[in-house]
Amino acid sequence: MAFDDGQQAIADALAQFCADRCDDDTVKALAGQAPGPLWRELAELGVLAAGAPGEEGGALEVCAAMEALGAAVFPGPLVGTFLALQVLPAEERDAIADGRRIVSAGRGPLMPFAPQADLFLEIAGESVYRATPTGPVEAVETLGGEPWGRVALERGELLPHAERGLALSEMAAAAYLAAAGARLVADAAEHARTRQQFGHPIGEFQAVAHPLADCQIHLLASRELARSAAYDFDCSDHSDCSDYSSENEIPKFQNAALIARLSARASAVEATHVCHQVFGALGITTEGPAWHVSRRIRQLASQPPGPEVARERILGAIGLGLT
Amino acid sequence: MAFDDGQQAIADALAQFCADRCDDDTVKALAGQAPGPLWRELAELGVLAAGAPGEEGGALEVCAAMEALGAAVFPGPLVGTFLALQVLPAEERDAIADGRRIVSAGRGPLMPFAPQADLFLEIAGESVYRATPTGPVEAVETLGGEPWGRVALERGELLPHAERGLALSEMAAAAYLAAAGARLVADAAEHARTRQQFGHPIGEFQAVAHPLADCQIHLLASRELARSAAYDFDCSDHSDCSDYSSENEIPKFQNAALIARLSARASAVEATHVCHQVFGALGITTEGPAWHVSRRIRQLASQPPGPEVARERILGAIGLGLT
Amino acid sequence: MEFDWSEGDASHREEVRAFLSEELPDDWEEISKDGPGGDRQAAFSKHFCGRMAERGWLTQHWPSEYGGRDATSWRHAIVGEEMWAIGEPRGAQYMNVNWIGPAIMQYGTEEQKAFHLPRISAGGVLWCQGFSEPEAGSDLVALRTQALRVGDEYVINGSKIWTSYCNHAEFIILLVRTDPQSTRHRGISVLLVAMDTPGIEIREIPSVVGERYFHEVFFTDVHVPTSALLGDENQGWGVVSYALQYERAGAARYARAAVTLDRLAEIARERGLLDDPMVVDRLGEARALCEAARVLSYKVIDLRAKGSPPTADTQLARVLGTTCDTAIGTLALELMGPEALEYGSFADANFRLAMTAGVAVGATEVQLNLIASRFLGLPKE
Amino acid sequence: MEFDWSEGDASHREEVRAFLSEELPDDWEEISKDGPGGDRQAAFSKHFCGRMAERGWLTQHWPSEYGGRDATSWRHAIVGEEMWAIGEPRGAQYMNVNWIGPAIMQYGTEEQKAFHLPRISAGGVLWCQGFSEPEAGSDLVALRTQALRVGDEYVINGSKIWTSYCNHAEFIILLVRTDPQSTRHRGISVLLVAMDTPGIEIREIPSVVGERYFHEVFFTDVHVPTSALLGDENQGWGVVSYALQYERAGAARYARAAVTLDRLAEIARERGLLDDPMVVDRLGEARALCEAARVLSYKVIDLRAKGSPPTADTQLARVLGTTCDTAIGTLALELMGPEALEYGSFADANFRLAMTAGVAVGATEVQLNLIASRFLGLPKE
C-alpha cells in the first residue's frame, strides 16, 4: 500500500524537517526534556492538526507523519495528542494542535509528560475521562528518556468518541513503532556491512543476517497494517468504502488499529533485541547508534492502552477473520 | 554430574538392550501397539522395579534407565508405571514391576494406554486416586503413536505418597525427554554434516548450526537437572544429605523434579521444531529419521501432571532460589 | 491510497462464497481430510474445477485469448483466499492456474499453448511439478536428472522426489539437465511430459500430513518428443524462476490460518479457556501474524495487478505465511492439551499441516538470505 | 554421584552469609546501585576485600604458597554465588581472584608472582583487563595495539576499549602485538602494566548500565620494562586463552538472576499478578532457566575441582547464563508495565544490566560456533 501524493509529501517534508531540526544528537540531547520549541515547530507544520476530526487530512496523513517521525525517533507526546484531538470538543483542539497545550494521557498514577501537562486524560478500559490532579506532580525520569510524572488524579467528565480517539492513537503508535524499528534495523544492517570480525563483515554471518531479515519482514508488515488501519479509520467516515467485515459488532477500524499496534509493538521490541546483539557494546553506550532509538521503542511499547484493553478487544475481534 | 558405576552400568546395559531389541524400525513398527513382549522383556531386566520404594536402586537408577530408553524412544507406559510403584501398596507392585499389569495414569477422560490397562490412576492436582472405568474404553489413536483411550472413570481410594510418586514420574519424564531430544539433535547434526546444498554441508550454515547448538545447551542442562532431581529424591530418604533449601515448605525433591520437567519439556519440544527444520521434507515422512522421535516427545510433553499442577507448585517454589 | 477492494471485488467474494456453499457437498470436511493428494479430494476437484470453469472463474485472471477473462489479480486473489480458507476444493489445480499455466503462456510455443491452456482453463486436467531431487532440495540447480537429445527426442533418466499429487496427474512440468557437461544454473531445461509415458514409475512416500502427499517419481529411458521443451534448451532456469515467483505467493495460507484460528478461538471459548489472559494474548498475537501475512501478500498481488515484475516482496510474504502457519499449529497443540494428541483431531491435523509449511516451498533459510541481501544490503557469504 | 555440597560447604555458605550481613552497610543497595565501576562501590570494595582477606577467604582456592588456603573450587564457587547474589561487594576484584591472579600464577616469573600475588590476595589492589579494541571485539586477535621492544623496554602505542573499572585500577593486564609483522594469533604478548605509567589516558564512555562502566584507554609512547611481560614474548595468545577460560565461567550470573527472579515474584505477588497463569508460567520458565544455568556452571566447577583442564562445557554455561539474564530482564520489564519505565526502578535497572549480559564476555555467536563444532561435530564455515 502506497501513500497518495499528498500523504507522501507529508512524509517527505517531515523527513526533511527531522533531518534539519532533529538529528540523532538533538534526540539524545532532548532526552528527559519537556516538550519545547521543537514540539511547537512541529505543531506549526500542521502535523498534529491532521489528527482532528473534520480538519484537513485524516488518519492516513497522521500515519504518513508518524512514519517520518518514528524513523527520526522524534520526541514528544504525539500519541496522547492524537487521542485528545479526537475526544475533546472543537474549541479546545486548536491550542493542542498548535503545540501550546501539552496533553498527558494514560492510566495513572504514572503519566507521560505529566510535569509539563496542561491537560490530563485518564484511559480506563475503552473509556477516556478528563482528569484533574489532586496533588503535586512528582517528576519521574524514565527508561525511555521521556519526562513522566507520578500524580494522583480525580476522574472528571466522560469524553465522547473514545473508540475513535483510542484507535487513532493506537494506529499512530503503530506507525511510529514500525518506522523506529525499521530505522534501527537499517542502522544495524549498515553496521553489519562495515564491521569486520574474523576477517569478514559480520553481516555475512547468518547468525547476524537472518534475525535482521526476520525483523525486517515483521516491521514491513506492521507498517502495512498501520497504513491499512489508517485507511479503515478514514473510510469509517465515508459511506463509499467497502467494509466486508461490517457484519461484526466492532467497527473494522478499531480491530485494524489493535492488530496494527500488537504487530508493531511485538516487531519493534524484537528489533531492539536483535539490533542490540548486532551492535554489541556500542549499543549500550549512551553515545552510540542504538540506545536513543531502542529506549524510545521500549517506552512507546509499554504505553497504554495496555494489555487489558487489548485483551478485551481481542475477545471481541476473535471471530473476525475473512468471514 | 556423572552416574556412579552401578548407575552407568544400567544405562550402558539398557543402551545395548535397545540397540539389540528396539532399533528405529522396531519403534516405528510398534507405533500404536499395546505394550507387548518387549515391555515385559524390559521389566524382566528389573528396570521398572528400581522405581519402587525400598527396592534395590532408586531414583538415580531410574534416571540412568530413562536416559537410555529416551535415547532409543523406547515405547510403553514408563512414566505412569513409576508413579504407580510409589503410590501403590507393596503387594501390588510386583505385578507392575514385572510388566504383567499395565498402568494408565492421567487426568481423564483421555487416558494413556487405556485399552490395555489393568489399573487406572487418576491424577487430580497433587493427589492420586485409584479409579475404575464406568464404561467401555474407546480406543484413540494418537499423534504420538501411543494407544490411548477415552474412558469415564469413577474415583476411588486416595493413595498415599502422591508427592513422591509424582516427583519420581516427573523426573523420569524429564530424563527421557532430555535424552530423546539430545538424540534427535545428534541425528540432525549428522544429517547437517552430510547433506550438501549450495556446495556445502548445510551444517556450515549458522542458520542450521546455531539453533542446534542452542538446543544442545538446553538439553544438556535438562539432563543435569533431571539427574540432580533424582539425587534429591534419593537424598530425601536419608538424613546424611545436605539440603540447604530445607527451610522451604516444599520438599526440595519436589521442586527439583518440577524444574527438571519444565526444562526438559521446553528444550525437547524446541528440539523437535529445530530438527524438523534441519531435516526438511525428510522429517515429515513416516519412514524418515525424525518423526518417530518427535512424535514421542510431543506426546510425553503433553502428558500430566500438566500446567495447572506445575503452576501451583511454581507458586510454592517461587521463593526458593539460593536463599 | 492505491489499494482497496472495489465494489465489484466485494460482490465477487460474495458470489464465490455462494458458489462454494452450493457446490461443496455435506461431507466436504470428510472428503478434504486427507488433503488435495487424497483420492476423494482429487476426484472431486475435477468435477469442482469444471464447475468453476463453466462460470469462467477458474482462470479468470488469464488473458481472454487463453481462456481467461482478463480479470484483475485481485479477483483471482479473492478466489484463492476463499478456496484456501475452506480447504482448497480445486485440489492440485491451484498449481495449474497459478503458475504452470502462466509459465506456458510466457514461454510456450503456439502449439503448446493451444494444447495445454484450454485444458487447464477447462478444469479437467491435473499437473504436478517435478523440480526437487534427493540431492537438490532448496538448492534446485544441483539437479541430476538428465534428458539427452537423441534425434527429435529427449531420453530422460533420473528421479524426482517430494512430488505432490503426481499419482493423479496427467502431466508433469519437469526440470532436467539437457547439457550433461553443465553445472548449476546452466544447461537446465524444462519439459512438459505426460505422466503416462512409458518408463515413469511412482512410489508413494508415507507422510505425516495426509494421504498421497509425497512421492518419488523415477524416469527410466523415458522418451519424449523435443516438442515437449518449454522455452529454449538449456535456458530452463529462467522458466523455473518465473514459475517460482508465482508459486511462492500462490497459496493464501494466511486465509486458511485465519479460519483455523477462528475455530481454535471458538473451541477455546467453549472450554472456558478465554478466562486465561495468556490464551487471549496468544490468540491476539496469532491474529496479528495472520493479518501481517495477509497484508504482505496483498503487496505482491498489487504489483501483479499493475503488471510489475515480481520483487523480493514475494519472499517476505512467503516467510511470514510460514511463520503464521507454524505459530497457529503450535498454538493449537498447546491450547488443546492432551486432547490435541488424538490422531485426526482438529489440533493434530493442523499441527501436522503446519509442519509442512516451511518445507513445501523452498527453505526459509534461503529466503532469509535473499531478504538480508535485497532489503538490507547485507553481503553474501 | 560425584557432586554434592559437603557438610563443610554448607556451613561455609552460612559463614559467608553471616559475614555479609555483618559487613555490608545499611546503605549497601544505594552504594551498589551504579555497579562495581561506581566510585562508592569501588572504594567500598577495597575495605571489604581487605576484610575478606583477613578471614583468608578472598583467595582461599589459591595454593597456600601464593596466599591461598588450597580450598576446593566448590568453596570458592560458594563465595562467588553469595557475592554475585548480593551485588558483588568485591567490586572489580572478582577479576583479580578469578583469573588475573591464576594467570600470573601459571605464567608469571618468580618476581612477578612475589610482587603481584600477595597484593591481590590481601584485597587492596584493583586490576582491569585491556583486551578489546575498536576493531577487535569478539575477534580479539585482530588487535592493533603495539608494544615495540626498545632495549630493555617496551614502548606501547594504541588504544583499548570497553575497559571496565579502569578508572580505579592500579594495574592492567594488557594484550599487545609485540611482532608488528605478525597477524592473528601469532606475535601477541601480555604485559602487566601499572595504570599510573606516563602516557596512559582514560576516557569514560557513558553507558546505559551505570556509572564508569566503560572506558577507552589510550596508550601514547608508554614505556614499560621488559619485566612486565607475562609469559613468553609473542606467545601471549596462550596466556589470554588460559585467562579467558576462567573468565567465562567466573561470574555466577545465575545466582544474581535467581535473586532478581525471587524479588520479581514477590513484587508480582504484591500486585496480585500471580492470579494470571501466564505470569506464573513465565516465572516458572525463568526459574527453570536459572537452575539450568546453575547446574551447567556446577559441571565446570566440578572439572576445576578435579584439576581437569577447562572444556567446552564452559561455553555452554556461559551461553545459558546470558540467556537467563536476558530472559529475566525482559520479564521484569513486561511484568511491571509502565512502572518498569521509571529510571532506576527495579525492573529498569535489571533490564539495563541484562542488556550487557551478551556483550560483556565474548559474543554469543562465537560461543555457539564453538558448541556446534565441539559438541555436534558440525563443520566450520
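Labels A, B, C and D are assigned to the chains in the order they are written; within every chain, residues are numbered from 1.
Simple rule for what comes next: contacts are C-beta pairs under 8 Å (C-beta built on N, C-alpha and C of every residue); 3 or more make two chains touch, one makes a residue touch a chain.
No experiment lies behind these values; they were computed from the predicted model shown.
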Taking each chain's C-alpha mean as its centre, the one farthest from chain C: D
Chain pair, B-C or A-C, that carries the greater number of C-beta contacts: A-C
Whole-Å gap between the CA centroids of chain A and chain D: 39
Whole-Å gap between the CA centroids of chain A and chain B: 47
Centroid distance [mean C-alpha coordinates] between chain C and chain A, Å: 37
Numbers and ranges of chain D residues touching at least 2 other chains: 277, 281, 365, 368, 381
Contacts with two or more other chains, residues of chain B listed in rising order: 205-208, 210
Chain B-facing residues of chain A, complex: 205-207, 210
Chain A residues within the chain D interface of the complex: 106-107, 110, 140-144, 146, 148, 196-198, 205, 207-208, 273, 276-277, 280-281, 283-287, 291, 295, 298-299, 302-304, 306
Complex contacts: residues of chain D adjacent to chain C: 276-278, 281, 381
Residues on chain B engaged by chain D in the complex (per definition of touch): 1-4, 7, 60, 185-186, 189, 192-193, 200-201, 203-206, 208-210, 212-214, 216-218, 220-222, 224-225, 227-228, 231, 235, 241-242, 244, 258-259, 262-263, 266, 307, 310-311, 314-315, 317-323
In the complex, chain C residues that touch chain B: 132, 135, 137-139, 142, 161-162, 205-209, 214, 326, 330, 333, 337-344, 348, 351-352, 355-356, 358-359, 363-365, 368
